[in-house]
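Per-chain numbering from 1; labels A, B, C and D assigned in written order.
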């Protein structure tokens, strides 16, 4: 789903302007990182009552969702391993204190597998065959394809529905693997979404609609746009009062020094919410 | 310094291509977030032997450097407050468990002030006047202007050099404020830089030079460029062996599903090292 | 309830030997610290769907239960304050990075109050009157007396049951305070107990019964005893395989050096699961 | 050293009363857990400039010192393994999110070994032979016997002093192991002790002396005593102002309910700074 608009646009088939609100910073951070940090715990507890302390968990994918899941589970005493295809995210995982492994190295030992990749067949039947009795498999990624659930619907395996959203898949030797939400999104199926996150998302979407509606002729063509930085900042500022957070305002002198408008936007578009130190000037 | 190349480019005065290596992901994360997470502790210990547990600290600026400083200090038992001008970063600070305040609200109570803003006069003489006896002021930002050190060079204040890089500024009533590195960068002046970080930085710079040198005529104009994503990923991959980290490789089927080359780049240029869920299509 | 056996014993009214299994180390750490670290999150989520990130929470009491609650909430981005009567626990809270306050200092600002004291009337009507609209009050302590719930059953306040275990108490001005489990134990009323914790507790109790039953005449008098250290260690060792944890064994030479039996007990009875450095010899 | 007084006492050879101030709670927590949490980082940085992020570290012994070291290193992104002889401490390590291993399982992979056991020959020559090139070995325990340094003083190994307190021990094949402080205590040799910790220790010792001096004839015999709980609490209370911490006072009604004096002591002597829930009464 994610890439569809960009693919349409690339193929010249997008017939209206579109705004990619998912990639607004507030949307990403709240819907993905901060929300998943809580919903992974909530979803696992409500379905399985598992104790997190001491459990060995592998999280497939160290994007925002994976980062959120890992932070929460590590904080509660789980031992977390990461799989990654992207060396930058893998190096981030190392620096954050996680072993980066291939799934095959660890599959026999883990108590829980969580997929957060956006990819398909990240957990295959072959791997499910090697999991421990009583281990849990669930998906926090983007669709129901990350775990190859179809491969489990074969005659030699028995499915037992033990409660809503929880199936025991039983191997001929009696081994049980606990599959949550039949491989669909755990955070949507088995946990709740805080109203605060809904507010962030709804505000972002409403502002995007207002922007597209109000924009002067020609500002937006038949393409996919990111939410203007300033509106992204506006969404955030509307939610600060909830936390009794007090922004500092730039003095005129400081705004001039930084080359910024006192009311924002405060960052260039390519900013990843990071910091600048120095540049390398190269003469060739 | 940071913005100079972009300012030159904007003014049409940049006469050669330049590569903004500071904004490469690996460079940012390592030189800023991960390195500062350690050097703030190292710099404070070597200069002051302060115990972190229980100390009240205000960190000005919640960019990468600020995030690194806060993570380390919080983990060691300090109580950390944030000041921010940008509502997005302020909301991130809230969700990460920090109170966001104006400096004036907290200045009388804090034991340590750390500036990480890239701005000037973030800590003014007026604020320094209100600090507690024995409090520490230091700078982890981009230059020596964040703390208004010049304002402390007045006749009524006495400076006492107690050891290298450590001055006691003494008020007429005997109050002492401990100023580190005369307001210059603590991480450069008072702590060491791990060889691992130097390796990341040097590799990034070398690859940028090689790219500019080897690029066919016309690929780069007289402008400022970000390091191509693929080279950024290459820098990261070269450093994974140090951590015995094992990357997962995409299958042909998965690469096709994701629309990616199996060798990367794995992310679009606008990616902030986050995750995609869905898009909002708007018809106007 | 807790002190009753010791009170009976002190009064000479205890007519049988009793074993204080609650103060066995494994029991305490699992039932209290480690279990509550998870059940506070579980209980709050299932009843209120509250987002933890950025919330201001006050935890009354920094014993094992309080420590568990604080660790979990802090890890998920809440800002946690502590109230304490005991200066040692208060100092521990400081070093662990929490502000220690009186409830009256903070009551108007907090989003959640959690009592973990073993005391009565820790949250009074007067304090409930000053809480914010929408704030949550719950009890993780030892009985239903920590919050003065009786004081809320007055004509001017309306109670509205919004779901099982969740009441909105409504003030005349419309303010709502969310009371969980009518002030009874949240961890028993609104969350589940992992089977692992039940196993620890049941094993401890069973071993205590076996010990009292098998003990030779005269080993135990009409008094309250702590579980022998060696049995406490045995309970722990039975549960290590769950985590694939591998104990190191003492060599003969090491056992002799330490003055220990190779099979334990490994610690003196007064040990608080801490470390020995040196002693102060005083001649008077 | 630690056990000597108790051994003297047991042997009937202690000719004066002695107070075991090391086992006072404040002393233990500050000198051991909280101080070591900081000094392990300080000691390693000052001697080796090692980056903690991503490093694989094994900590031998999960007592207070080990717990402090592990907490700090984990927080800074190291991957920490534990070795333990005591199943209770091992189970604590599991619940705190650490793999519990035998040293032989992990020795070839770790970047740093830290001993915190109070035992001897915890790291043997045989194990040092199997360490990686560039790995670091140091001791945070009670004496210089934890690492078998004597076994490294053999003709086939070359020692190279690279800076104060840092030796490279060089194997015939060129492998270097970095030995800190020749196996003596890292925290005493290579880091500083915060004045705050010294104050806690000195206050505890002074109060113990005053107590022994002032005690009426007969209160103390020729034995080893723990500091009276109330004095332990007094030491803590004297240090709360540093953190602007505000104790809550018991009401008369609450003190009566708890069976406590309003001025303390607040805990029974056997308290491990934990919480009480319920007791098991057994009739035999």
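Quick note on the criterion: a contact is a pair of C-beta atoms (placed from the backbone, for glycine too) under 8 Å apart; a residue touches a chain by one contact, two chains touch by 3 or more.
Everything numeric in this text was worked out from a predicted model, so none of it was measured.
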Problem - Reaching subunit C from subunit A through chains that touch each other, fewest steps - result: 1
Exercise for the section: Mind checking subunit A against subunit D and telling me if their interface is mostly the same residue numbers on each side, over half, or mostly different? Expected result: same
Problem - Most distant chain from subunit A by Cα centroid - result: D
Problem - Chain pair with more C-beta contacts, B-D versus B-C - result: B-D
Problem - Whole-Å separation of chain centres (CA-atom averages), subunit A against subunit B - result: 24
Handout entry: Whole-Å gap separating subunit B and subunit C, where each centre is the average of the chain's CA atoms
Key = 40
Exercise for the section: Averaging only over C-alpha atoms, locate the centres of subunit B and subunit D and give their separation in whole Å. Expected result: 34
Problem - Two or more partner chains touched - positions in subunit D - result: 34, 53-54, 76-77, 94-95, 99, 243-244
Fill in the blank from the handout: As the complex stands, subunit B meets subunit A at residues 1-5, 7, 16-23, 25-26, 28-34, 61, 63-66, 83-95, 99-103, 105, 116, 118-121, 142, 205, 208-209, 212-213, 224, 226, 232-234, 236-237, 239-240, 243, 245-251, 253-254, 257-259, 264, 266-267, 269-270, 272-284
Practice task
Sort out for me which residues of subunit A touch subunit C in the complex.
Solution key: 34-35, 37-38, 41-42, 45-46, 49-54, 56, 71-72, 75-77, 109, 191-197, 242-244
Handout entry: Residues of subunit D touching subunit A in the complex
Key = 53-54, 74, 76-79, 94-99
